[in-house]
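Same chain, two partners: chain A is paired with chain B first, then with chain C.
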Partner chain A sequence: MTITLEPAIHGDRVSLLRVLGPAHVWALGVGIVLVGEFTGWNFAADKGGALAALIVCWIVGLLYTSVAMIDSEVTSTVAAAGGQYAQAKHIVGPLMAFNVALFLVFAYTMLEVSDAILLGDTIVAKAAVEGLNHNAFIAATIVVLAWLNYRGVLMTLNVNFVITAVAYVSIVILFFSVSPWTQGAVLKLNELVTPGNALPYGWIGVIAAFQFGIWYYLGIEGTTQAAEEVRSPARSLPYGTMAGMITLLIAAAMTWYVCASLMPWEYLGITYYPLWDAAKLTGSPLLENLLFIATLLAALASANGCINDAARAWFSLGRDRYLPSWFSAVHPRYRTPYRSILFLLPIALAFAFIADLNQAITFSILSGVLQYTFMSINIMMFRKKWPLGSIQRGYTHPFHPLPAIVLFCLCVVTFFAIFLGFGSQLIAMVAFYFLISLWFHFYRYKFVRRGDQFTMPWPKPQGY
Partner chain B sequence: MSRYTPPKQSKAGQIFDIAVVVVAIFVALWLPLKMGLAGAAKSIDALDATTWEALGQNPTMASIWEKLGYTPETAHDIIQNRFHYVIDWPTLIIMAAVLIGYFVFLFRASDREYRDVINEKFDDK
Partner chain C sequence: MWTALSYASWGISIVLALWMLYDWFKIDTTFSEEVLTSSREGELEAVSEKHRI
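== the complex of A and B ==
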C-alpha cells in the first residue's frame, strides 16, 4: 500500500491517518513490552529469589490477561486516540480522564527512559573502553526516535515490527540452542534453584517480587493508543492485543527457564542484561553477539513505541483542552502530533540523565499500576452504564466480572509490593496526582467544553 | 440546560499552565531522587569467611560465578546484599489512606463533572 502525504488544506481540521493493521498493533504492544524480557523482570529475582520470579511471571501474566480482556472490550467500542484516556472520558468523567492520560504519559516516558539507559549501558559494557560514558548513546537514542515519530506513524511502526520480530526470534533461538529438553548439558536448573535458595525470603519475597513482575508485560495496553490510526479498530485492536499477550507469555516463560538455569539467583537479580549474560554463559560467540544486538533492538523498539504512545496521550489532553490546546496540533505534512512529541523529548532526556535504571522502571511501574486499578473499576462502570445489548461492542470479554475482580486484587498486592521497596516514591507520586487533580478540577476544567467530551454515538448512560 | 462556553485562554495563560505542569512533573519525579527516598533498603550481611561454601554457593554456582569473572571476595557484597523486609505499619497506613483518598476524590469529582457533560450532551437533543 502506498501512502501519499498530502499537505492539509488550510482551514480544515487535520486528523491522524488510518493506515495501521493488526500486525502494527501487535508490533506496538509487543515492541513496547519485549524489552522487559531483556532487562527488568530479573529484579524480581533480587526481591524474592528465582522461584518468586517464576511465580510472579504466571500470576502477573494473569493480571495482564485480565487487562487485555478488559481493554479489548472497551477499546473495540471506544476507538479513539488516547486509548484508556478516551475510555475514562466516556465512562467515568473528565478528571479521571486527565489522570489516566498522565498515568500513560508517565508510564511510557519513564519506560522510554529505562530503554535508553539500557541501550547506553549495553553499548558501554560491550565496548569495554575505560572512561566511555553512556550519556551520548542515551541522548542519540531519544532524539533519533523522536525524529522518527515526528516523521510518521506508519514508518515508525513498520520499523518496530521488524526490530521486535528480530528480538523475539533471538529469544527463541537462544531457548532452542541450549537444549531445553535436557538438564545437565548446558542448563543446570536443579543445581541453581534448590529447595534451600528457591525462596530465600519466603512468601513475603514472592509478594515483594510483584513490583518487578509487572515488568514482564508492562505496556501491552499501549496497543489502544493506535485506535484512531488503525483501519478496523473493532477487529485489529482485540486481535493485536490478545496475540501480543500470548506472544509475551511464551517469551516470559522461555526467558525465565533459560536464565534461571544458567545463573545463580543473586547474580540474576542484579544484572542489567540477563539474556545477554545467559548467551555469554553458553560459551557461543554467535549467541552472545545475537543477544547483544537483540537487547539493543528490544530497547529501541520499546522506546520507539513509548514515544508514539506518550505523545498521543499528551496530544489528546491538548485536543480536549485539558491542557493548553497548543499541544493538539497535527503536523500538516506528516500528520503526527509533533508538538507533543517535541515537548516530551527534553523531559525524557532530563530523567535519563538523573535516574538510574531500576528507579526509572519503578516510576513507570507505579503509573502503570494506578492505571490498572482504574481499568478494573472502569469496566464495572462500563457494563453498568451500558449493559450488554444497549450498544454495539466490537468484542465482549467472557467471565465478567471475574477478570475485573482478579485485576483489582492483584493491583492491591502490587501496591503492597511497591510499599515494601519504594513506599516513599509511591506516596510522592500519588501526592503529585492528587495535587494536579485539584488544579484541574478547580481551575483548568473551566476551559473544557462540556458536551464535546462525549463523542460516541451511544444512548444516555443508565443512572444519569 | 444552557450550553457552557469556556473562556478563551490567552497565550500567556497557556504558557503559565504548561510551566505549572512541567514543574509539577519534575517535583514529583525528581524530588524523591534528590532526597534519597528512591530505592529499596538493602544492606550487606557481612561474613568473615569468604569461601564459596561460606557464601552458600555449591560447586555449580561457584563455577558460574568464576565464569562471570568473580572470586568469593568480589562476589561477597553481591551475594550478601539482602533485603530486610519489615512492615512499617504507620507508613503502610499512611500509604493506604493516601491511595484510597486519592481514588475516592477522583471518582467523586469526576462524577460531578461527568453529569455536566451528560446533561449538556443529551439535553441538546
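== the complex of A and C ==
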C-alpha cells in the first residue's frame, strides 16, 4: 500500500492527519498512565500504610472517573488539538486557556522526564555494573521517541498500543501466577496488613497518601490531545477514554493486591519498583525478567504519549498566537507539529539530566491537579452557557453536577496533601503561573488575533 | 554488554538528533512559512490521502 499526498481542492493548508481510532486513544491514555502502576503509587504506602494506598486507589479512582466523564463530554464537542486548552479558550477565556496549556505542557514534559529517568535507573539497577551511568539510556529514550513522534502520529500510537498492551498483560500474568484466590501459598495479605499496621498514621496518613495516589491514573486526560487527529472525535474519544479508565481501575486493583500481599508496607512505600520486586519475591526468574521488561515498556509508552501531548498543547498555543506562530508549523510530509516536538526535546533532556525523579514527579502532579481543578469549574460553565440541547454533544455525562463537585472536593484534598509533602514547590509553582499570567495579559495578548481564536460553530452562550 | 549498550544508546541518539535537524532544515528551506503554519483549528484537513492497495 502506498500513500501519496495531494493538495485538496479547497485550499493549500497543511493540517494534522486524521487517522486515529478508539484503540489509539486508549493507547495514548493508558500508555501515559500505566507506568504509575510500576512505580509511584506505592509511595502512598509510605505516607499512610498499605490500606491507605488501597483507599486512595478507589477515591482517586473516583476523581479520575469524574475527569474521564467530564473530559469526554467537553472534548466530544470541542474536538481540537490542545484538548483542555481549546476547551478553556471557548468556555472560560484566553487567560485561563493560556494557563491550562502551560499546565499541560509542564505535566507532560515533567512526566516524560520522570519516565526517562525511571527507565535509565531501571537498566542501571538490572545491569549492576560499576560506573554505568543512566544518562545514555535517558538520552536514547527521549531522542528515539521524539523521532518517532516527528515521523507521524499513526506509527507513534501503533507502537504505544503494542508496548502498553504487553506491559498490561504482564500485570495480569503476575496476578494469576501468584494464585490470587488462595492466601498463604504465595500471598500473605493477612500477615502483612493487620489491624495494627493497616493505617500506621491514622486518617491523616490517608489524606497524605492522596499525593501519590494520583499516580494510579495520572495522565488519562491526555486522550483529548488526539482530538484533531481521530477520525471520529465524538465517538472515539469517549470510547477510548472510558475504556482506558476501566482498564486502569482493574490494573490498579490487581497491582495493589499483589504488592501489598508480598511486601511489608515499610518496604513497599520506599521501593522504586513495586511490581518488579513483587515478581522477584515469587522466586520465578521468568516473572522477574517479564516485569523488568514491562517496567521499561511502561516507561517508554508513557514518555511516548507525553511527547505527543506536550507537543500538541505547545503547537496549539502557537496556532492561536498565544506564543509565536512559528511553533504552529506542521510537517508537510509527516503531518506532525515538528517544530514543537523539536523545541521541547532539549528542554526534556536538560531536565532529565539535572533534575531528580522526585522533583520531576512533583512538578508533574502539581500541574495535573491544577488542570483537574480547572475541569470541575469548566464543566459547570459549559453546562450553564450551553445547556443540553443547545449544541450537539458526542457524549453526555450522567449525574451532573455531582462528578464536578466530587472532582473539585477531591482536588482540594489533594492540594492539601501536596502541601503537607511539598509545600514550598506548591507555592513556587503557583507563583510561577501567576507571574506568567501577568506577562500574558499585559504583553503577549496584544499579538493574538482575537476573532480568529474562537472556531467552534456554536450559538451565543446563554446570558450573553 | 551493558557498557556497549550505553555507547550504542549515545550513538543512536546522536544519529537521530542529527537526522531530525537535517530534515527540519530541509523542510524549512523547501516550503514557505505560510504553508507550514497554515493549519487552522476546527478545519478539516486540507490535504487528502489516496490509499492505493
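Note that in this section the second predicted complex is superposed on the first by the 453 of 464 C-alpha atoms of A that agree within 3 Å, B and C clash if a C-alpha of one lies under 4 Å from a C-alpha of the other, contacts with A are read in each partner's own complex, and residues count from 1 in each chain.
Everything that follows uses one rule, which is that a residue touches a chain if its C-beta (ideal position, glycine included) is under 8 Å from a C-beta of that chain, and two chains touch if they have at least 3 such contacts.
In this text the structure is predicted, and so the values were computed from the model without any measurement.
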| query | Is A:P285 in contact with chain B, with chain C, with both, or with neither (first, second, both, neither)? | reply | neither
| Should A:P387 be classified as contacting the first partner (chain B), the second (chain C), both, or neither? | neither
| Touch check for A:A139: first (chain B), second (chain C), both, or neither? | second
| said: Quick check for you: in the superposed arrangement, does A:S316 touch first (chain B), second (chain C), both or neither? | reply: second
| query | Between chain B (first) and chain C (second), which does A:G184 come into contact with in this model arrangement: first, second, both, or neither? | reply | neither
| said: Quick one: is A:A127 in contact with chain B, with chain C, with both, or with neither? Answer first, second, both or neither. | reply: second
| remark: Per residue count on chain A, the busier partner among chain B and chain C is B
| task | Pick one for A:G93: touches chain B only (first), chain C only (second), both, or neither. | result | first
| Touched partner set for A:G423, first chain B, second chain C, both or neither | first
| request: Please write out, lowest number first, the residues of chain A touched by both chain B and chain C across the two complexes. | output: 325-326, 453
| message | List the residues on chain A that touch chain C in their complex, please. | response | 1-8, 10-18, 80-82, 86, 123, 127, 129, 132-133, 136-137, 139-140, 143-144, 146-147, 150, 228, 316, 318-320, 325-326, 328-333, 335, 338-339, 342, 345, 453, 455-457
| remark: chain A partner, complex, touching residues on chain C are 2-3, 5-7, 9-10, 12-13, 16-17, 19-21, 23-24, 27, 31, 33, 35-53
| In the complex with chain A, residue positions of chain B that touch it | 3-7, 9, 14-15, 17-18, 20-22, 24-33, 37-41, 56-58, 60-61, 64-65, 67-68, 75, 78-79, 82-83, 85, 87-88, 91-92, 94-95, 98-99, 101-103, 105-107, 109-122, 124
| task | Sort out for me which residues of chain A touch chain B in the complex. | result | 46-47, 88, 92-97, 99, 106, 110, 188, 191-192, 194, 196-197, 200-201, 204-205, 208, 262-264, 266-267, 270, 277, 281, 321, 323-326, 343, 347, 350-351, 354-355, 358-359, 362-363, 373, 377, 415-416, 419-437, 439, 441, 444-451, 453-454, 460-461, 464
